[in-house]
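Two complexes follow with subunit A in common, the first pairing it with subunit B and the second with subunit C.
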Partner chain A sequence: MSALSPNIATRLAPHALPLAIAAFVVVFSIIEPAFLKPDNLVGIVRQVAMVGIMATCMTFVIMTGGIDLSVGPVLALSGVVAFFVMEAGYPLPIVLAVGLASGVAVGMVSGAMIAFFGLPPIIVTLAMLSIVRGSALLLGGPDLHSIRDQPGYTFIGTGSIAGIPFSIYLFIAVSLLVIFLQKMTPIGICVAAIGENERAAFLSGHRTRTTKMWLYALSSFGAALAGIIQSSQVHTASATYGEFGTELDAIASVVLGGTSLMGGNGSVARTIVGVMFLGIMSNGMNILNVSIDIQLIAKGAIIALALALAERG
Partner chain B sequence: MRVQSAFIAVVLFFLAVLAFFCAFAPNFATASNFEDLMAGFSFIAILAIGESFPILLRGIDLSVGAVLALAGMVAFDMTLMFDLPGYLAIPAALIVATLCGALNGVLIVKLRLQPFIATLSTLAAYRGLVYAISGRQLVPELATTPLSDPWIMGLDTYFDIGSATGLSSFIELPWFPLSFFIMIATLVVFGVLLSRTRFGRDIFTVGGNAEAARLAGINVGRTIIIAYAICGFCAGLAALLMIARLSTTTESLGLGMEMSAIAAAVIGGVSLSGGIGGLSGPVIGTFLLGMVLIGLTLLGISQFVQQILTGVILLIAVGHDRFLAIRRQKRLAANLAEEA
Partner chain C sequence: MPAAANPNAASSSLVEARGLTKIYGNLVALDKADFRVMRGEVRALIGSNGAGKSTLIKILTGAVMPTSGSVKLDGVELPLGRPEEMIRHGIGCIYQHSNMAPAMSVLDNIFLGRQPTRRFGLVDVKAQRREAEELLERYGIDLDLDAVVGELPTVKQKEVEIVKALALNAKVLLMDEPTGWLATSEVRRLHDTIRLLKSRGVGIVYISHMLDEIFTVCDTMTIMRDGCVIAEADVSDMTRAKVIELMVGDRLARESSAAAHEARHPRGNGEVRLSVKGLTRRGMFRDVSFDLYGGEILCITGLIGSKRTELMHAIFGSEPCDAGTVEVDGKPVNFRSPGDAMAGGVGFVPEDRHRDGLMSGMTVTENLVMTTLNRFRRLFLLDRKGIEAASRRSIDDLSVKPPDGRKLVRHLSGGNQQKVLVGKWLRLGPKVIILDEPTVGVDVGAKAEIYAILRAERDRGAAVLVVSSDLEEVMTVADRIGIMVSGRLRSIHDAAGMSMAQVVAEIGAE
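Showing the complex of A and B:
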């Protein structure tokens, strides 16, 4: 080993993910030039918009050393709630507000149990996964509820402005908002402080418990928004949406972006890079007609490899 | 002693729930119902026993559902695609499952991945492998062929203990499924391993404080890898019992089942903060969940409410665990104050 190569490796380590994205884009576009068509590129972002919104909103939770496994059922719940409010004839703003509020409420309940009673996040949100799924099914049953004659609501998932789907604007808006929270407001510092050393943050006067509760509310808010986009995109609301695996995709994006599950380090902007990485991988493999089994194996291997490398760096 | 207070609580809760359903749910206290309970939840109890090992090490194994599917598919392929006898397919499935578990451990130890991430990525990878080797897709006409190997189907045997022992003239006993006895055997073997051997002590030490364990000369890496291998082995065992009961397998076998296993272990008093818990707790936790599901169905309560109640029970269990932990801390602080 020359003395130079570890030096280069150390310098490149923080940029490994963007470099990997660039490498995959080059490979995919050489093998299949259609990959670089604007339509396909917009398609990639549109595909990842929902997972992206959930992942950016969950980043803070993971930065505090927590986790949110309940996003899948929350996604289903907000769609079903919005559907019923719509059926009752309320105008669009109220529909959206109630749908999103249902998500925020779930997040506040799990957040309160985690922050104020000190219960482990993984079990609380696992329990909430079960409770929220049951509640959504109780409310809406296992059937699909079709959403008809709601142009305003349908626009959220299917409409586009200047050729770009509206859901992408939502993804960008949420991302900017959460990045703003992290970079420009005291919340960012408080989140990092809780993740680094919760006791110390508490003793230095941060309102750690209240903050933590609101972070889970934010994570659930993201899931609820994704649920509204989903139900609007497919013109149906169902309590079975957000099936098992949704939460794992969101979590994988966050940790690929370099946020440690142990808390502390983390960046919302890098989460978005992680989201894009997974989106490009799956789109590229679809274009190349890679079968589902190889896709799953590749996804697992890439996540393990990327994080093992990050650990070394 | 600490283990006992959590364990006694879950046993009491179990008995209370049992008494409640026997009193109020129609047809609950019948032999055939207990037969269903034993046949339907023994393999989940085995999964929960396995899952306890990573949790005792302050880790977690999210991949057990995928390992279960993989082991099931290996047995399916070997008996139906290659016409190999079951006495080869059964060990092969168990070995594959054990290796999958060991690989989780290696990823955690050698690549220094967090258990959540390591097993999250193998969850995807193993599930992909199941699709890749699926005999149902490689040879489409097998998709509707049931398993017929006598060795594997033999796992789905029932024993009429009541008539064999003559007790049936006094009381109607359920027929005991073989899977129940295999579960008990697993419990005894791993229970002895955990409480009577040096390896078991190492598990508790590493789970309590890995750094202290390393300084005390315990091979932490080896302990972790073996613990995850045990978890994989249990998933393989559960897979064999499950495919015998279903007499077939699918690519999505065991999807999300890690959640039930983790829930049962936590309800059974295995603490997520590591180093505290036993194996009988998770078994009782599994049957507690099973009893609630079956009991509420008999009471005619919607299965959606059952999901809600499952979550609530999990919250109660973890709240109780937290309560015990706080009490432990207070007692420790009081003892320290006395000594000073």
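Showing the complex of A and C:
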């Protein structure tokens, strides 16, 4: 082997994902030119908006070496809670605030158990997945609750400004906000420090436990916002939304973006690249009429591959 | 070259390395080094970090293939770059960090990975035990073969590693910082074992930063600097000052010995900065009281296990205590977390920089501002320019090498990592700074620099509290010396009136 080839590999590694995206775009657009139409491209972003919001909000949790498996049920809960507040006749700002607060509350409970009692995140959020799903079902039952005559609420998921769906604006706003938190405020360094060496961060005077609790609250906030978009998009709230696999999409996007599940350095901006990659993959496979079962297998294989590559790198 | 200590030296050259050179890219890590070890000789290998010691050792263990040069053992040319061949020919290595299986017995550890077997692949326990007993007999080492390794004192674990190497027919043992985590009495015991091995004809290479130990146990020394062997000598022909001078070059040596002889400042400027009264944590330490003054360095020494680290954590608020009070500048404080203590003007450089101190995957700059992040907040925003400037100042002040704030901490040498760790606490500008073993695993050059930093802190009026098991260090930097024995602060003395022998006697007293 020449000395050059490993060099090229290490230089290309950070750009592997954008390159893969470019490669897929070229392949899909050759097979099906409709792929590149503006309508389809906007459609892709609209499709990934909810997963995107959840993934950006979960990036910090994963950077601290934690994980949030409870996002699916939280998504369902916030929709159902928002529905009942709406039914009770409260104005839109209250509806949104209470819906989002239900999610934040869940995150704070998980976060407190993880941060203050030292329980493993995977178990706590797995337990929370069950508790929250149960609570949502208790509250909303198994029925679909249709949302009628709520133009403001419906606009969130179905409205457009300048031809671009409103949910895309929300995705962009949340992404910019979390990137801002990482790059421009002390939070970014605190989160990385906790992920790198939590004990050293504590001994350096950081309020590691409180910070961790709020990071889980942020993750749940993302899921709750996604829940509101979802219920608004389909004009119904249901305790069964956010089915199994929702959390996988969010976690996979973060991991594809290069954040290690072991914690440490990570990047919210690259999480968004991970989101786009999964979105383009799934859109392309839809266009090519790949059946859903094969799509699931392909997605799992890609995630496993990405993890294997990340471990080697 | 001076005559070797061993009378029949000429005839019994055990290891003979000639012209070893290792080049990595543009860097010459080792430059035509010659190295010899005689039968029954304890040879010290000394040099600052980066002097080429580790490269030389790695060539001898087969972990690194030299660019050129040869190694002979008992006159037989060895195949280089193959660890299993080096072991087979009789080069054993005792690493700084233990390679034992702690839950297994001494016997199992000795034969780990190469159990003699009977038919059907069953382990031949009887043969193992016979062989092990013979070894212990031959080398005069006293070990209980059935003891569980993890429950043995550290020094006994080292002995198990030694026996394990001997079981592989090691003729020469390379010992890398063998006393790194040992208490004083354990060091003596290990040295006794080394003398036994020596009398049985084993050649020993003793790699250590501890000059005391080298003068106690070694016969000869090889001193390296910048990848070259710069001196070989009998220990009896050398002085401590001469060794340091050869290792670090004359300028640094002059500075450090000048500093050692400068005036002591017991009770510094006379103002009590930190006052600890009756501090107690059950099962750890009892009724500890002392005053620490601004402008002095108080070193607390004692055996490993005398609970000094736990005491410091209790003062800093990172671990609990059951009774007692702490005052800073005359005001009672009750630190419930490190954040509280820092707000109260107390800084704490912990003992283990990898576990407790640094974020090794983050940059030097990020680590340096870790304790003072809030000072760089403008409303919500992080003042990146301010951080860069602060980091550059610290890097200059501490002469961190390379002087690049974007470098990841894990890519720095041990000494430079330690400077970053100390530096991040100095950035806080504490009134009281506690340092727990501030120079463990740091080369002599960086040690001298860290001592200079401590003195500078003292001279700006800070109260400096150092926990150290390294008596040389205590005698060098302390204005006053506190001695802790089994969880009690036994006494505090003015350093000027103390000899090292007196300190040792008190540490060992029950």
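For this structure, a couple of remarks:
We take it that the second predicted complex is superposed on the first by the 313 of 313 C-alpha atoms of A that agree within 3 Å, B and C clash if a C-alpha of one lies under 4 Å from a C-alpha of the other, contacts with A are read in each partner's own complex, and residues count from 1 in each chain.
Everything that follows uses one rule, which is that a residue touches a chain if its C-beta (ideal position, glycine included) is under 8 Å from a C-beta of that chain, and two chains touch if they have at least 3 such contacts.
Since the structure is predicted, the reported quantities are computational estimates derived from the model, not experimental observations.
Within the superposed three-chain model, A:Pro33 lies out of touch with both subunit B and subunit C [touch as defined at top]. In the superposition on chain A, contact is made by A:Phe117 with subunit B only, not with subunit C.
Of the two partner chains placed by the overlay, only subunit B lies in contact with A:Ala252; subunit C stays clear of it. Once chain A of one complex is fitted onto chain A of the other, the partner contacts of A:Cys190 are limited to subunit C, with no touch recorded for subunit B. When the shared chain is aligned, no partner comes close enough to touch A:Gly163: not subunit B, not subunit C. Of the two partner chains placed around the shared chain by superposition, subunit C is the only one that A:Asn265 touches, whereas subunit B remains out of contact.
Looking at the shared chain after the overlay, A:Ala201 reaches subunit C, while subunit B stays out of its contact range.
Of the two partner chains, neither subunit B nor subunit C is touched by A:Gly89. When the two complexes are laid over each other on chain A, subunit A has no residue in contact with both subunit B and subunit C.
Residues 184-186, 188-190, 192-193, 196-197, 199-207, 264-265 of subunit A are the ones that touch subunit C when the two sit in their complex.
Residues 60, 62, 107, 111-114, 116-118, 120-132, 134, 255-256, 259, 262-263, 266, 272-273, 302, 304-312, 314-315, 318-319, 322 of subunit B are the ones touching subunit A in the complex. Listed in rising order, the residues of subunit A touching subunit B in the complex are 67, 113, 117-120, 122-124, 126-131, 133-135, 137-138, 244, 248, 251-252, 255, 260-262, 291-304, 307-308, 311.
Within the complex formed with subunit A, the residues of subunit C that make contact are 318, 337-339, 341-342, 348, 350, 355-362, 366, 369-371, 373-374, 376-377, 380-382, 424.
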